[in-house]
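Two complexes come next, and they have one chain in common, chain A, joined by chain B in the first and chain C in the second.
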Partner chain A sequence: MLLCGCSSEAREVGPTVPQTAPIGEQDPRIAYYQDNFGQVAQGGRYFLYYGCAGCHGDGAQGARDLTDGRWKRGGGFAAVFTSIAHGHGDRAYATRIPVEPLWQLTAYARDLQRHMPEKRRRQALDQQAEPRGAAWWGPQ
Partner chain B sequence: MRPEQTRLDRLSLTWRDPPGLWGFLTTVDHKRIAARYIVTALLLMFLAGMLALDMRWQLSTPENVRMGPQLYNESFSLHGSTMLFLVSVPVMEAMAFWLVPLMLGQRNMAFPRLGAFSYWLYLGGVLTLWISHALDITPDLGWFEYPPLSGPAYAPGHRADIWAQMITFTEVAALAASVNVAATILKMRPPGMTLARMPVFLWAMLVASIMTILSMPAIMLVTSMLIADRLVSTHFFSPAGGGDVLLFQHLFWFFGHPEVYIIFVPATGFVSAIVETFSRRPLFGHSVIVLAILSIGALAFGLWVHHMFAVGLPRLGNNFYTAASMAIALPAGLQIFCWIATIWSGRPWLATPMLWVIGFVTTFVIGGLSGVMTASAALDLQLTDSYFIVAHFHYVLVGGAMFPLFGAFCYWYPKATGRMMSERWGRIAFALIVGGFNLGFFPMHLLGLLGMPRRVYTYPAGMGWERLNQVATLGSVIAVAGGLVFVANALVCYWRGAPSGPDPWGGSTLEWAGEAPAPSWNLAYTPMVDSLTPMWNGAAPLRVADGVAIERREVLITSVTDADPLYRQKSASPSIWPLLSALAVSVMFIASIFTPWAIVVGAVPIGAALTGWFWPQRPRRNRG
Partner chain C sequence: MMRIIVTGALLSLAGCQGIQSPLAPGGDQAAALHSLFLLMMGVCGVIYMLVLGGLGWSLWRARSASDAAVVPERGLWAVAIVIVVGLTVLIIGSFVADRAVFASRAHGAMIVRVTGHQWWWRIEYRDPATGRWIETANELHLPRDRTTRLALGSADVIHSFWVPNVAGKLDMIPGRRNILDLTPRRIGWFRGQCAEFCGTQHAHMALDVKVESAAAFDAWLATQARPAAAVASRGAAVFAGPCAACHTIRGTGASGRAGPDLTHLAARRSIAAGTLTMTRGNLQGWIAQPQALKPGTAMPSVPLSGPDADALATYLERLR
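After this line comes the complex of A and B, so read on.
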């Protein structure tokens, strides 16, 4: 449990190594993103910035509801990653979003079912003034 | 008069602790508890000092890669939180724990078990912060963690919770200690020690304790609100949800500013005691110093907004707080003039405790002057969050509180250990620490004026900051080396120092009346006081009274103003319940980081432990 505590709290700020998409569900890099509070939270921020919350926010129905634990194209990390990057038709996130934010978005999307709705709303309140969707022009 | 040996033996039997580990865990001896507090705080001062040195190393050259931004954030957060919450305030309470009963000629504090509880809970706070650090869950948002940065959206994980809960630990411990100190000073003074005959040290500790009692609830409230925001999604600090982020800053600084004086006011008590003894005359302007301490205690609650001048509050409010902040220079200045007048008109003896007082006066005056500068709202807008502020608060906290503390350590060391510290090594440590400190921190004023912001992990070359940063690093290294000499001197002299006798300095107050090292029962008889300097009564022996039991733990309770004897009070014996209660509280505090249910479930063991603690012990408990 203690070791677990270490890695989930680890926080690295600064340039990271170049990333590629996950290679299968056993990719060793998955745990680094999925089990880390900081990476998941960063994914949550991109979730807002890239406009994901527009369709997948609170009250989304059916396949768009990411909090029910049911996944149309599989709930593994690589599967969710692929459906974010390549499963949104002409939105073409694979080309619009750099690879590391995609990892973070994937980790956040898979983590969402563990988030209480009131906590998501509370975080959204703090982030209300932040740019999102079309108003966001990428990292400055 | 020399008490008979049978009496001393009887007292030792009554007041002894159980032997071995059980005695260590159950003791309620105020001197043992205080020594633990002091040793823990000094160890933390060393660790946090090493963090400071590491940060100075990082800043000594531009674009240094010794630390990344995250490690630097963690380092200054841990340094500041440790120094403010786990070193400065507790070590002052510890000095009160150690000295107040001795200075009152009493056998123990008013609430002996509460003292033990206070230490164990403080230790819980220490372990919370530093074990988290070992597990890489170090708080990384500075020593005041403003929302929304520390709120649920921007501080994921548990780092901010660890910080907030560490504060809850230390504040409960501080409240327990302050209530104890205030009750002891008000109700347990020896016959004759009316309020007018109370030494300045006791006044200082009384005022600091009352300030603690009035200010600490604000910070416990605000950190609990922060945890509630993070854990159960309340909206205290969420403007979009109807909350207010400034509420956090107001409540934090309503505690945070008095805290500075909670640290400084005891230091004025140390200085007054040392100046009196080493000038070998009664303190000049005793009433003025006491009134100055009282007015500092009152004014300190009207200053907190000067930490928030850059926030954008109404101009008129800023003006008021500028005036109040400048006004506090008056009582502080009065005290300094009284000490100088005492030294001037006395026969000063420049032993190490007195050297520390001189180091204090010079350094603190510089810090006070930069304080008057930053008190101006207009100037503060330029200086805030720059290295000028770093320089200012280190000058007032280290110069104003730590130097007197080191002096007090040297002054009362013989009373605690029965041995003298080496004067030669004491002077070397003094020169290194005071010289190194000024060399290290004075350039920071200039760095701040040159525009270097605080809390930056590095800076580009060519800003003109390199040389001054290198000088600052050099000064810090010298000061830390001096600190090591000081500690080594204390450690070596603990075993090798020359025997001191009971009163090596010719002190003026009652703590010098008994044996050194002070026995568990302090004084054999109850002293009778008829002046401010009861130990300076010519060659006449100290007048004493008998009547307090020696075959059971008993203390004398007197009236608040005139110290007339009222009744004899049973004094609590050693007990394991304070430790168990502190453990139960610690479990609840830690668990409440993770789930709100911990507060409900955790209340059960706390209730059980407190029930055990307060289980009736009196003989007639079964018959009513």
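After this line comes the complex of A and C, so read on.
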């Protein structure tokens, strides 16, 4: 029984990582990223690494709040992917973040609304010492 | 058959003099542990021989004796005394070695911060000229005959610092700094390894350690402290795109801190914590498909066009 959940952690190893953005909401690659805990969790780490939590962290208000289930430009996978990659003006994440992390970040952002605030806080605590943005100076 | 077994046994010992071996100590702390190891081998070897001897003797007696066995009381006493003395020697030896390994030593303000990440080592030295911290990764340089104090920590899970030729293991625990003093005595390259299971790529979390003369070390540290020369090449422009968010190259705009500092990348011996040797081909392969080489690493695959990948490799190769 305990092992039943393991398949949702399974990771592909090898040269099969996506090289392009999702093509429409029916892209067959979406299910793999959105339903895989490992990929979603990796998205959570990149969320810190790339400094997303600076604006979209706990307590963000309005359009920056990713946990309320409301999306300015649609909540489909491809729509959220496009908002991350191309919807941040000068930050131009499409050129600064490689494609696979964008897939993982999208899966993570869409996953956030499914969790209680307690769980999100717990994850933030777990990652407290991990690198975040340019200002991080490591555990002292 | 016998010959094969003996050859195999001898071959397995041949590795013991290597660059990652507690049997070839190259520093005070490792030497203390090595003496303790020899002492334990000696004492336990004597006791082992005594036990086997007693066993053999009793088997022989049981066959030859006709009457009820007579317990030789003096012999028993002798065995008991040997065991008590042996254990006492071991306890004292262990205490003395422990004191030698973890004793605080005069380190002349030479402090190096080592932080474990899944799955690489962040290493920070203090620039002697300015007092600021400068960063490198996966390669630890130590001056010979001087004590270096390591402040060991972790950013995610528990790791363990272990360079067997120089010292014993010490865990790296998130939320605290463990202190380990190292006094290397032998010049050369050694290999360290994370010694606490820390995730899928635990086996690919190695550390190159170079012990060098004090003068060579000072020169190396001065080079490390220098920022990289700013160049306006295509490779530098490529780097400023997807790489700069996670990697720092001092002296340029790249200031991400999630991944290793690459300011003097090409001067290092290996890539990705001892996973690959430092060659141009390996660099390009690592950038293109890190997940195939070290599955699970936080380094994402960066799809680049052929000319871009080439220009980036040329740029990185010059970071010496």
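Going forward, the second predicted complex is superposed on the first by the 120 of 140 C-alpha atoms of A that agree within 3 Å, B and C clash if a C-alpha of one lies under 4 Å from a C-alpha of the other, contacts with A are read in each partner's own complex, and residues count from 1 in each chain.
Everything that follows uses one rule, which is that a contact is a pair of C-beta atoms (placed from the backbone, for glycine too) under 8 Å apart; a residue touches a chain by one contact, two chains touch by 3 or more.
Not measured: the values here are computed from a predicted model.
In the superposed model, A:Q19 makes contact with chain C only, not with chain B.
By the touch criterion defined above, A:Y50 reaches chain C but does not reach chain B. In the superposition on chain A, contact is made by A:Q123 with chain B only, not with chain C. More residues of chain A are touched by C (comparison of chain B with chain C). When the shared chain is aligned, chain B comes close enough to touch A:V40, but chain C does not.
In the superposition on chain A, contact of A:A10 is made with chain B only, not with chain C.
In the overlay built on the shared chain, the residue A:P101 is in contact with chain C alone; chain B does not reach it. Within chain A, the residues touched by chain B in the first complex and by chain C in the second are 11, 13-14, 127, 129.
Across the complex, chain A meets chain B through its residues 2, 5-6, 8-14, 37-38, 40-41, 116, 118-119, 121-129.
Looking at the complex, you find that chain A touches chain C at residues 11, 13-15, 17, 19, 42, 45-46, 48-51, 95-101, 127, 129-140. Residues of chain C touching chain A in their complex: 113, 115, 117, 122, 124, 153-156, 174-175, 177, 241-242, 244-246, 255-259, 289, 291-292, 295-296, 298, 300-303. Interface residues of chain B, counted against chain A in their complex, comprise 68-70, 135-137, 140, 148, 151-154, 156-159, 229, 232-235, 238, 240-241.
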